[in-house]
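Two complexes follow with chain A in common, the first pairing it with chain B and the second with chain C.
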Partner chain A sequence: MNKYLRTVQLSWQEGLVYRTNLIMWRVRQILGSLMSLSLWTVLFSKNSQLFGYSQDQMITYVFIVALLQSVILATALHGISGYIYRGQLARELLKPIKLFTYFASLDLADKLKNLFFVLVESVFLYLIFQPVLSLPNPIFGLIFLIWVVAGTIINFLITLLFGAIGFWSPDAWGPKFLFFMIVDFTAGKLFPLDILPKIVQQLIYLTPFPYLSYAQTQLFLGKMSNAEILTGSLGLIFWIFILYMLTTRIWRRGTKNYEAIGN
Partner chain B sequence: MKLLAIKKYWHFWTMLARNELQTSFVNRYTNLLFLVGKLIRFGMGVLFLILIKNNTRMLGGYTSDQAIVFFLTYQFVDTIVQAIYRGAYNFGHQVRTGEFDLTLSQPINSLFRALLGKPDFNDVAFIIPTTVISVWLMANLNIEITFINFLIYLILLINSFIIATSLHILALSVGILTTEVDNLMWIYRDISRMGQFPVNIYGQPLKLALFFLIPIGFMYTVPAQVLLGTKPEYLLAIAFIISASFFTFSIVIWRWSLKRYSSVGS
Partner chain C sequence: MSKNPIISVRNLSKHYQIYQKPPGLMGSLKSLWHREYKTVKAVENISFTIQPGEVVGFIGQNGAGKTTTLKVLSGLLYPTAGEVSVLGFNPWDRKNEFQKQFALVMGQKNQLWWDLPAMETFLLNQAIYEIPDKQFKKTLDHLTELLSVKEFVNVQVRKLSLGQRMKCELIAALLHNPKVLFLDEPTIGLDVVMQKTLREFIKDYNKEFGATIILTSHYMGDVKELCQRAIVIDRGQIVFDGGLQQIIDKFAQNKILSFSFSRQVKKSELSKFGRIKELNQDGSAFTATLLVPRDQAGKVAGAILSQLPVQDLNIEEPPIEAIIRDLFNQQNKSHE
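For the complex of A and B:
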């Protein structure tokens, strides 16, 4: 356990070494939130209700999506397929560590760092827009936290799945880019999914993507019935199970034939 | 003499472009996925605006139909700029590895090479369907476009292109001084994305900064305002003064930073 904690520490420190990168990355996140908040504020200046949301609910939605983006969707493992393809994974395979736990430690440090900064930035945005945030009751708040952890696990497994492309091909960026574009939309990053026609929503719910932010925000805003919370919880468990089985199987096959020539 | 130089640079650029085209065919499946991803993003942007159009009448003082014109203007200018100046994204790597030394030793303008050396054919392929869709959308919107407004719009788009060029040159100059250009380019993209909507929706001082510090207001908002026949945010002359000032400033900064270049890779 100690070695993984040390990995978290080292990864945290490494993330702070390239400060310009970090600052610019955070500036980009602020700009995204600033654009969304400005747009919705203008739209609500003439409407008290839009797409079934009040202004407070929509502003809360933007804040929560920004938070979840930093916790669930942010990852330190973007370059993992290149890491594998270049043969650098050989170093980790020789160490007395569990590979997935090691990657999870790297990811955890990145998420903690992002969470810290997004909280600071949220205070800044809060002072500008001074919104009235809609907060959930304690029980829904607790379920929300569990769903955030579950969503983080799903994203971690999907990232490893894409990373596994590196066992066979150097071209992982194409599929990854397509995934980002789909997630931007299906995870509710651009706009809440319930503004879409019912049939499109149902189709999106057949994928794991709504569990990467959207479902959590709906729970936070109290827009889910007890039955929907139960279905959502089962959906999260289902996707974690399926993705775990798929990821472990593919990684087992990948590492079995891994050659890492020249390393 | 000048004609000869233009001929030489044109020949050189077409050679670079041919090489890039061949590279994009080597990675054709990856490029296809990138293209699909970009089309999805474009589709989602349009869908979002149509949903807004169906639910609300006004956006920042403009009708929902007019708001779509702002988005399409942004989309058109941004895609052309990406297609031509994609090389700027790779410049940081060239400086860090010392590859830029090779450019400096060639009898070709180093700025030309850094800026135009890597056209993106993926974006070229993207422009075709999105322009067709944009024209079809515009034809079906409830807006009035006069010939004279369209003409001024085209002139203002050229002006937008000059501003975008200046911003790219400034980013390259920072790249020489700090070796950090990649993130700066992405920040430019994010700020540029704010121009998808009329810049008036942003509060002060952000709005002022979007007109005079990173003038995306003059790149996207003002041309769209002119096309729609609405009163532009500022006098059109200011748009041209801004582009001329930014361009001159960026060239001066580029020359200044080039003198401070020290190869780190060699």
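For the complex of A and C:
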């Protein structure tokens, strides 16, 4: 079997070892969606339109964000800086594997696992709320899928970029926490960004963060003009390119600087 | 010696930058805006070559540079200066063809997946090293039998004892039949029986596969039993490179003379012959041990035989542990 496929498989097996952990983690996720859905259902009971969203659109937004979180934003690599700092990366560096591909397999395993659970849970939530989902046409649907993959790559590269801190410093929690906060806010995890003033939105669009969920939701809901889809696509390509160059360079320097602890 | 060494190291140096924090909370606060760095010369200008099939022991105190050297040879560390070639590759390039032919086992680090049985890591390594099914099965059977771990390979790694885990670590590292094997403290923390098992195994592995092995260890027992050659490293420099017997010839200053006498012998009678290490009486047995300069050992033994009531006599080299200890003590003193 291919080495990376085997890694995916092992990572799945490991994830399934602790059942309680697995169940608690899923309960937390489902509660989040449940709260969002209940909140918006209550708000829409008096209004047919809020912040430019109809009830169907907002409910679809919540579903899509939950899905995108588990595909784009969830990652198995949060602990990577500590892993590097403790010298554990040595075991990967010694083996005939491509480091980034290996990490990508670990991440892919995690995302597939998430996706499976989210789909099951979404069916459950769908049956409770019975929303009318607004679905895109097939072409937009296809572009949406490509954007999701692109967003996933951006998040992967950003995670590795932050992880590289471990080559130089033990404490990556400061920057990581800041990153989580920024993402919660700017990826549209808490609310759609178009609720914000125009100028703030424009500033956020200068960063890669709206491509980590928000842009994809807007495309899905049909809220984007063709011109906006084009700029969005260019933005995705631009950020993948920049982040790839930056991350590979920093990792090359990091591994050269690596002292892998010990005497 | 053949002309094609499998490992060659020329003028290798590896320096680290270490940041020094002044003690206490004030020191920590100060270090937020001003840090002082010190250069530590972990390895300084060392050279050696190793022939295929050799088993070489690296001996040195903590922080002497043994592990640093192994890490440079494995391609984990980038050398500050010098040239290194292992199996004809520059380790730092981390080429697949190179990595498929060697393994590094570190006693304190592990590659096994902690929450899964060791077998899963073995299968992953089969895929990573692209080992054909037939060869994998054969090697695995052979190794699990040699180390008698057949019944543990399907148990979660975290539930294994240290010894069982170390055996599984070795198997994981050897499944691809590496031609070059670096063992960093392979017996650390293991009990005497397990140390012996591992030593036997390493010896067999070297014989069977003709593998070249470098081993670092705190236990002279490991080196004595496994290595024909030892490289002694102190403060990043090689202070000795040669056969174990040569260490004795070069650094042992004394021989040990042990006697048993038919009557009690006074301290004053013995002390003129050499330094008394022990003088004991146990029931009717009177024994003594003397340290005598090597070149005079024969003469002194003859003199004692003719002047004192000797029943039994034994002339020995001091144990290699003691020689190395003395050597390091001398080095430490000269650096004080």
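General remarks:
The rule is simple: the second predicted complex is superposed on the first by the 261 of 263 C-alpha atoms of A that agree within 3 Å, B and C clash if a C-alpha of one lies under 4 Å from a C-alpha of the other, contacts with A are read in each partner's own complex, and residues count from 1 in each chain.
Following the convention adopted for this analysis, a residue touches a chain if its C-beta (ideal position, glycine included) is under 8 Å from a C-beta of that chain, and two chains touch if they have at least 3 such contacts.
Here the structure is a predicted model, which is why all the values come from computation and not from measurement.
Once the two complexes are laid over each other on the shared chain, residue contacts for A:Val132 go to neither chain B nor chain C.
When the shared chain is aligned, chain B comes close enough to touch A:Leu50, but chain C does not. Applying the stated contact rule after C-alpha superposition, one finds that A:Leu34 touches chain B and leaves chain C untouched. Look at A:Leu230: by the touch rule set out above, it reaches neither chain B nor chain C. When the two complexes are overlaid, the chain among chain B and chain C that reaches more residues of chain A is B. Contacts of A:Val42 after superposition on the shared chain: chain B is touched, whereas chain C is not. In the superposition on chain A, A:Leu145 makes contact with neither chain B nor chain C. Contacts of A:Met245 after superposition on the shared chain: neither chain B nor chain C is touched. Overlaid on A, the two complexes show chain B and chain C touching no common residue of chain A. Listing the residues of chain A that touch chain B in their complex gives 20-21, 24-25, 27-28, 31-32, 34-35, 38-39, 42-43, 46-47, 50-51, 128, 171, 173-175, 177-178, 180-182, 184-185, 190-191, 195-196.
For chain C in complex with chain A, the touching residues are 16, 62-63, 66-68, 71, 74-78, 94, 96, 99-100, 103-104, 106, 108-111, 113, 115-116, 120, 123-124, 127-130, 156. Partner chain C is touched in their complex by these residues of chain A: 1-3, 5-7, 10, 13-14, 17-18, 87-88, 90-91, 93-97, 256-260, 262-263. Residues 27, 29-34, 36-38, 40-41, 44, 48, 51-52, 55-60, 178, 180, 183-184, 186-187, 190-191, 193-194, 197, 201-203, 206 of chain B are the ones that touch chain A when the two sit in their complex.
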